[in-house]
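Below, each structure is written out as structure tokens.
One chain, chain A, appears in both complexes that follow, with chain B as partner in the first and chain C in the second.
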Partner chain A sequence: MGEQSQQTAPIQYDYTVAKMFLVSTILFGIIGMGIGVFIAFELAFPELNNLFGEFGTFSRLRPIHTNGVAFGFTLSGIFATWYYVGQRVLKVSMAESKFLMTVGKLHFWLYFITILLAVVTLLSGLTTSKEYAELEWPLDILVVGFMVLWGISIFGLIGIRRERTLYISIWYYIAAFVAISMLYVFNNMELPTYFVTGMGSIMHSVSWYAGTNDALVQWWYGHNAVAFVFTTPIIAIIYYFLPKESGQAVYSYKLSLLSFWGLMFVYLWAGGHHLIYSTVPDWMQTMGSVFSVVLILPSWGSAINMLLTMKGEWNQLQSNPLIKFMVLASTFYMLSTLEGPIQAIKSVNALAHFTDWIPGHVHDGTLGWVGFMIIAGIYHMTPRVFKKEIYSKKLIEIQFWLQTTGIVLYFSSMWIAGITQGMMWRAVDEYGNLSYSFIDTVEVLHPYYTMRAIGGAFYLVGLFIWAYNIYKTFKCGRELSDKEINVNASPMAS
Partner chain B sequence: MDIGQLQAYAYFFFTLLLVFLLYSYIFHLYISERRGTKDYEKYGKLALDDEISSEPLEKNSERVVEK
Partner chain C sequence: MFHWLEQRPFFFTIGVFMVVAFAGLIEILPNFAEASRPVVGTKPYSILELAGRQVYIKDSCNACHSQLIRPFKSETDRYGMYSLSGEYAYDRPFLWGSKRTGPDLHRVGNYRTTDWHENHMWEPTSVVPGSVMPSYKHMFSNTVDVETAYAEMVAVNKVFNVPYNKPIKMKDGSTTTVKLPDSLDEAKQEILKEAKEIVKDMKNQDVKDMVEKGEIPEIVALIAYLNSLK
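Let's turn to the complex of A and B:
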């Protein structure tokens, strides 16, 4: 078959699936981060653990927070932007293929059901106990199902594209798809015990790997979940939305290609830094450290490329709140990709490992980089998919400052808490006895834990403002003509 | 040659190889532009000019559409 002839009615992009994922991004964002804030308060005020019996304990809720934000909020945001960006840069509409439209809808519903089941099963205490891979085997099969559907959607859309060259964002989405699929399958190789022993729970399984091997596979997966859920697809998002919103082409396309291959090559080897001073071979620990430090180069390559894209147009930072979100996102990306390698250096790791500096690091990446990019991307999409003007620019500004303050409170308190904790654990008196007991550190950390919880609450309030603003846009935003939509800066009412 | 020595040679060899590959790729990107065989920077426009009605930068001649 050749080029399809133009129908009488002009073809338009079809955002049906993008809209579905847009809603789930907001929904899972609120659930995942709401629980995050609650458990942060639990750490500061432990009596909160008793509020809802077994269902309210930190240990029960923490996996729902991590899975909720990584696989609920972030994956939804990635899928929402894929079904938007994919069509636009390939210049092909989902409406042109009934097959792809069906796959897209199936993808959404299977994904949505899986995440809801994840919440239910984790709340019931059904877990494999592998960090970020807690879902039990029936859910893992569902995850594979929706990932396959996403793959069909990506390559299907590429197959019918009008634009020959794949824009850099598409490469990053492909990398996310390939890597997440591979990592997820390998780390979740597990044996459902019921089918072997004929007893116990049908939901229970054990990992195929044991001991140190299990730890190695787990952190090969765990760290690359950061790479291919929190980094690669978010770079895909910024490479589209920042140039589009600012009207500036990416500063250096060549640098984007070089950073892409650099990131792909280096990231997969860095997971060993999670196992420094553990039972894995020493050379693997060193390799994890070295590759983590090298990782600064491709990470900063992308981040600097983004900041330089704004060259000569920095005035937009003042006038457009979405540019604020995206520029700060790339700045937080730079911060966390410098902080990560520092923590991976063996001598620093000796102090930092198991302390609160680690969640501090994770959250300046996730809240500042991932969260801000998804928020900005969804804001940019909103007037285009609903054909309505964004309800309030002022609310976006308030959200931006509230959330930025929240992030600063979060990571600064965790820096102080983490280093205090690490120093106290190591402190010894002149006889070599430990100077502090564990509870001493807990008491000292109380104010920082409170500060962190308040920071998280600020961010969550910002998320509600975001949800409200988008809801109001959908409900009562001013209708836009095609001419008003086809502009770079997102139309928004003051 | 013991294993330690072998590792050291392998380490040195791979470092050189990877540095060579990295710089070759950068060289390839720049030389293709200078020779005019490729203009990478024009692809930056793909994000800006992305209406379905706008002319593709490079038309996909093998486009297959499911009816």
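Let's turn to the complex of A and C:
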């Protein structure tokens, strides 16, 4: 980690932009997951759908939830950590370049405005309907804009670095940048109808691809949005913060190499598993299955590398709640990267596809892995960027257990719901006729939908505790001297 | 080699890009010519259907309903013939969905009527007790954007050669033609004509009055679209 050189020649890192993204991470986290909890309750208690007229239905709000957490909360967290980690592992301060500082601020504001516009347009029903690519074409251009600014920031900072060798986290940030840019542009190729005809809404567009082709491009994108928003940059985060917080060196360099290049090559093939038994060619579906199973290797490679980094230091799990977050995050990463390949096997997919097991799978990954890593990363950054002691260790502990309980409630209820519904859809009576009408398979889910919504609410309460704790740290945390900050375990008041 | 790459960000990035882009090239490109060919009986959407499709997208119906019948007996029993690739040739974007909180709709036009949809969209539990679907009463007062629907029609005809004004082979051996109106005015007359056909089977007086005045409520377009899914 180059800890020594940092101590001998201290560089004053500038966290202005990191702080801005830190705030937006918390803000969009609460908005995105708040809507998530609300729509979860709507499924359990449908009368909630009509509270806000056309703007409160499950269908109108769902894209705001998914975009809010993927591009609001998660991207903010990725950018916040980038503007913190990038400087530190490259051994260069943002303050050394006026240009990069300006780019960083522009990056934040363009990003922030884009997300706000996304909320407004989605709420008013302006959507392309393609999952996680719902934003209409003018917003797509803004997204490309802030991604380009991020790219300039990454390569600009690399260009003036003092540390010649790129640390593992940087590999993953670069990969996230390259892949998200490529995927986003190709999946959002749209034809704005106004420019062809001079008529109608300027916001409207149609997809450049039709039918099955559109589906193919969409899930090549959709699956890899998961790869390069929810996986790669989160691995960048854990590779920095777990060794830092624990004071342990990364267990194996070779394992991180294998996992990185393996993940890069294998992930993109797996998109086909979203299209099993659809009208895309059979061989592609099978490729999707096979590569999904292979994907266990690089995924578990990273997770095991992280867990073994804790070798001999497991006592920290008891004493440090941030280590709890990060170790459980790796564990959830292992769980969901085992569950995903299982669901990608054709016979299992036949049962699981279209059921609640899929959102169940998504959420043990996003809540357990992505959410926990971002929460832990931001907690670790807080005393360093504000130079104050974290307000309350006890609150972190409470948050950890509350959110862990929430996740368990979430995925276990959705596993049961999904498998129940899948089995009921295909059940036949002694004459070979379908046993259940569709509505039977909906009504049976009520208790699980309720349990899921409660689990989500637990997690959301945890987010509020997180926000409160960081706010109090900023407001009235004890000031820290440089010596107190340059330690491994984050300083926190009991 | 890897250590060398880690000190050279330019080549490192190129390397990542090549490794990442590889799968897309192999998997996606070869399929393009194949999958866009329509099967017999697949015709482009009429203007009212297209306006209805835009309503379907606006309210994200695809968040809870699929349009993809998988080739299992339990699915064909429930929803009808399994889906074929060519049936989606004019779907931009595709609307397969990924989650069935409600049932599949790919052939809903075969077994639901205008009247059923009208009741259901107003208050789902009135026809399906226990339903968790929201009621979509706003579709009975919001009107569709005819100009944008027409713009889409013209655009896909011009850019993607969607065969409007051309004979299309139907399954029974006959041919049919879907008309592309020549002008916006003609489009407005055409959509109104189609709307009147739908409204004949509806009972909501406000909707009938709106159509009488020349307006197209969202619900009318949506029902026309749902009826076209066969």
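Brief remarks on what is shown
Throughout what follows, the second predicted complex is superposed on the first by the 483 of 494 C-alpha atoms of A that agree within 3 Å, B and C clash if a C-alpha of one lies under 4 Å from a C-alpha of the other, contacts with A are read in each partner's own complex, and residues count from 1 in each chain.
Criterion: a residue touches a chain if its C-beta (ideal position, glycine included) is under 8 Å from a C-beta of that chain, and two chains touch if they have at least 3 such contacts.
Because the structure is a prediction, the values reported are computed rather than measured.
When the two complexes are overlaid on chain A, chain B and chain C sit side by side with no clash. Of the two partner chains placed by superposition, only chain C is touched by A:N50; chain B is not. In the superposition on chain A, contact of A:Q218 is made with chain C only, not with chain B.
More residues of chain A are in touch with C than with the other of chain B and chain C.
When both complexes are overlaid on chain A, the residue A:V428 reaches chain C alone and has no touch with chain B. In the superposition on chain A, A:W261 makes contact with both chain B and chain C. In the superposition on chain A, A:V206 contacts chain C only, with no contact to chain B. When the two structures are aligned on the shared chain, A:R164 is found in touch with chain B and with chain C. Rounded to the nearest 10, the angle made at the CA centre of chain A by the CA centres of chain B and chain C in the overlaid structures is 110 degrees.
Of the two partner chains placed by the overlay, only chain B lies in contact with A:N486; chain C stays clear of it. Minimum C-alpha separation, chain B to chain C, in the superposed model: 8 Å. Shared contact residues of chain A with chain B and chain C: 164-165, 257, 261.
Listed in rising order, the residues of chain A touching chain B in the complex are 1-4, 10-13, 87-89, 91-93, 96-100, 159-165, 167-169, 239-240, 243-244, 247, 249-250, 252-254, 257-258, 261-262, 283, 486, 488.
Those residues of chain C lying in contact with chain A across their complex are 2-3, 6-7, 9, 12-13, 16-17, 19-24, 27-28, 31-32, 34-36, 54, 57-64, 66, 68, 70-72, 74-75, 77-78, 83-85, 87-103, 128-136, 138, 142, 145, 147-152, 154-156, 158-160, 184. Touching chain C in their complex are the following residues of chain A: 42-43, 46, 49-50, 53-54, 57-60, 62-63, 125-131, 155, 158, 164-166, 171, 174-175, 178-179, 182, 186, 191, 193-194, 196-197, 199-201, 204, 206-218, 220, 257, 261, 264-265, 267-269, 271-272, 274, 277-281, 284, 287, 291, 350, 353-356, 358-359, 425-426, 428, 433-434, 438-439, 442-443, 449. Touching chain A in their complex are the following residues of chain B: 7, 22, 25-26, 29-30, 33, 40-48, 50-54, 56-61, 63-67.
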